[in-house]
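Just dropping this structure here.
We just call them A, B, C and D in the order they show up, numbering each chain from 1.
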Amino acid sequence: MHKGRLEAFSDGVIAIIITIMVLEMKVPHGTDFASLQPLLPVFLSYVLSFVYVGIYWNNHHHLFQAVKHVKGAVLWANLHLLFWLSLFPFVTGWMGENHFAPLTVALYGGVLIMAAVAYTILVRSLLACHEADSALAKAIGPDTKGWVSLGIYALGIPLACWFPWVSVGLYSCVAVLWLVPDRRIEKVLVA
Amino acid sequence: MHKGRLEAFSDGVIAIIITIMVLEMKVPHGTDFASLQPLLPVFLSYVLSFVYVGIYWNNHHHLFQAVKHVKGAVLWANLHLLFWLSLFPFVTGWMGENHFAPLTVALYGGVLIMAAVAYTILVRSLLACHEADSALAKAIGPDTKGWVSLGIYALGIPLACWFPWVSVGLYSCVAVLWLVPDRRIEKVLVA
Amino acid sequence: MHKGRLEAFSDGVIAIIITIMVLEMKVPHGTDFASLQPLLPVFLSYVLSFVYVGIYWNNHHHLFQAVKHVKGAVLWANLHLLFWLSLFPFVTGWMGENHFAPLTVALYGGVLIMAAVAYTILVRSLLACHEADSALAKAIGPDTKGWVSLGIYALGIPLACWFPWVSVGLYSCVAVLWLVPDRRIEKVLVA
Amino acid sequence: MHKGRLEAFSDGVIAIIITIMVLEMKVPHGTDFASLQPLLPVFLSYVLSFVYVGIYWNNHHHLFQAVKHVKGAVLWANLHLLFWLSLFPFVTGWMGENHFAPLTVALYGGVLIMAAVAYTILVRSLLACHEADSALAKAIGPDTKGWVSLGIYALGIPLACWFPWVSVGLYSCVAVLWLVPDRRIEKVLVA
């Protein structure tokens, strides 16, 4: 099976997710600075989620460049990832509109960790239909960054109940960690 | 005629349908677990519909891999399928927000059955412009799974008036039945 | 210049237009037939617009199959068409929610006629960068169907002020007229 | 790395932005001309933004035709541009619904200038991974039009506090300036 339509469909879904999140920023009725102020936390949570969805698109893009072929299981692993990404607009809106209240930050982290798990499953399902010495297998390697991210999320979610801003800080650190696209794959593809 | 743009357009429409369904999950005003609770049925109906739309995308993907060329009638059969799929966000929201009330479950089943009929029409219109011994014709075969699904829907819709949860269970069974992508086509393409 | 990205962008915009129209069908609060009844005119106007946008996509698809190359002017003629198509969700919602009131039907016709004019301009801009004996020029021919449609719209708009349902009937006739995709182009491409 | 998916993803995001802006034009409850009248400023701001987003798509299209390959930094420069474009629906709605009030026009200009800066950064990041005598480098040249636009925005934003309509006029002038697609790139590609 070709990977073209899987890429096109994923691009479409991710493009829509990253764009409809902005609809949570409701146009205010006033026309002064004061009427914009309540939107600041909504805007901040939008920026964080935009960066996260951007990271997933970038990594998805890098990952599939090393992919040769896909199977039925990969299609579902990919849809599973898209499912968790599709919850970003909801948790982003809830967190932003409630000024980063504890439970909202914890749920946001819950979606982050599920998306990360789904991405890991997608990678495993791809490895399962490539040989052990394929470019993809070499490119993934031990996946340290992935495990570190999962660890930080697992720390941030319970912390959110007492120190939500610390959790937001931790989530942002993971984002910065991933802002650099996956060099491993670029290196292996060039070599 | 090439099938490329038909695939791209279908991918776009299905990507939007699967994503805007999440907009029915309105961000709650409270910040505790109690405020999330009324969203549970909305979330459940979202999950069911996400899986269904995912199945249609997967099967569409598999189907068109065996397709060699398309005609004008195929374009309209495809748009007819997309029309019924486009009603998913509406019936999903209605069913979820009303906690799976009888009529909402029956209408949901009505859209399911119409989408299944539309898919069957699409398959017939494709067979009509391929030879009887084409890879597509071999891949479709007697289409038992399709007929079983139609039968279960036809059973679930009247049942919903008395036992809506039984109908939801039946719809979910059909979804599980289809979660495995259409092996027939994979087999024939490989052979 | 290649036509690929113009096709992809148009597919994306048309896919979104055809799908977000369904958002005008607001999920009702009741769970009986009576609560669905006020949605009937909204549903009818949705069906009409779905068919119209589907026709535009089909014709766009057929048209660009005969196109060899595009220029800057074509990009803008295409965006101009997409602009008028983007007003479909608004006029569809207004007409449906107000049960086909005179002015709403007239405005709907106004958008129909502007979209038809924009399509004609797009065809002219394409002819301008192809030779007089190109497949495209042969395929377009005298464009009788286009002129008839414009005439019917021009009749339907003023009529809507007194007999809105007659106008809706006229608009539907034009839709039926176009349901058959543009055979001219298929014929010329095959020949 | 190939540029295909970057183009496809950008097309998707821009297609959604240009289309969801129309959702800010809320369907009015009345059915006479008077009920349409309050929508006029919303419609005008929609037209202006449609033209602007159309210009960005056109220029993006032209720019990437001259691009041979992309790197990780280009992906992020492109997402940065899409971020500012994604704020168009919000500022368009705010400006239109408040009849071009001073602060709303200034903020609209702020998003315009940030999008222009982001586009400039994208161009620089592309030049950084092409040689000094590449078709792209020749096509960009001194980029006078880009600098003039930035200057006019910088003038229009403070002016908006006293004469919002003058600022809207200035923004419109920049749009007209860019309506002609980037001839530089077409010329170099042909030569």
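The definition used in the following text is that contacts are C-beta pairs under 8 Å (C-beta built on N, C-alpha and C of every residue); 3 or more make two chains touch, one makes a residue touch a chain.
All values reported here derive from a predicted model rather than from experimental measurement.
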Copy pair chain C, chain D: interface residue numbering same or different (half cut): different
Superposing rotation of chain A relative to chain B, computed on C-alpha atoms, to nearest 5°: 90
Greatest separation from chain B - chain, by CA centre: D
Whole-Å gap between the CA centroids of chain B and chain C: 26
Chain A and chain C, separation of their C-alpha mean positions in angstrom: 37
Where chain B touches two or more other chains at once, by residue number: 8, 12, 15-16, 20, 23
Partner chain A, residues of chain D touching it in the complex: 1-2, 5-6, 8-9, 12-13, 15-17, 20, 23-24, 72, 75-76, 79, 82-83, 86-87, 89-90, 93-94, 97-98, 101-104, 107
Partner chain B, residues of chain C touching it in the complex: 7-8, 11-12, 14-16, 18-20, 22-23, 25, 27-29, 31-33, 36, 47, 50, 54, 57-58, 61, 65, 179-181, 183, 186, 189
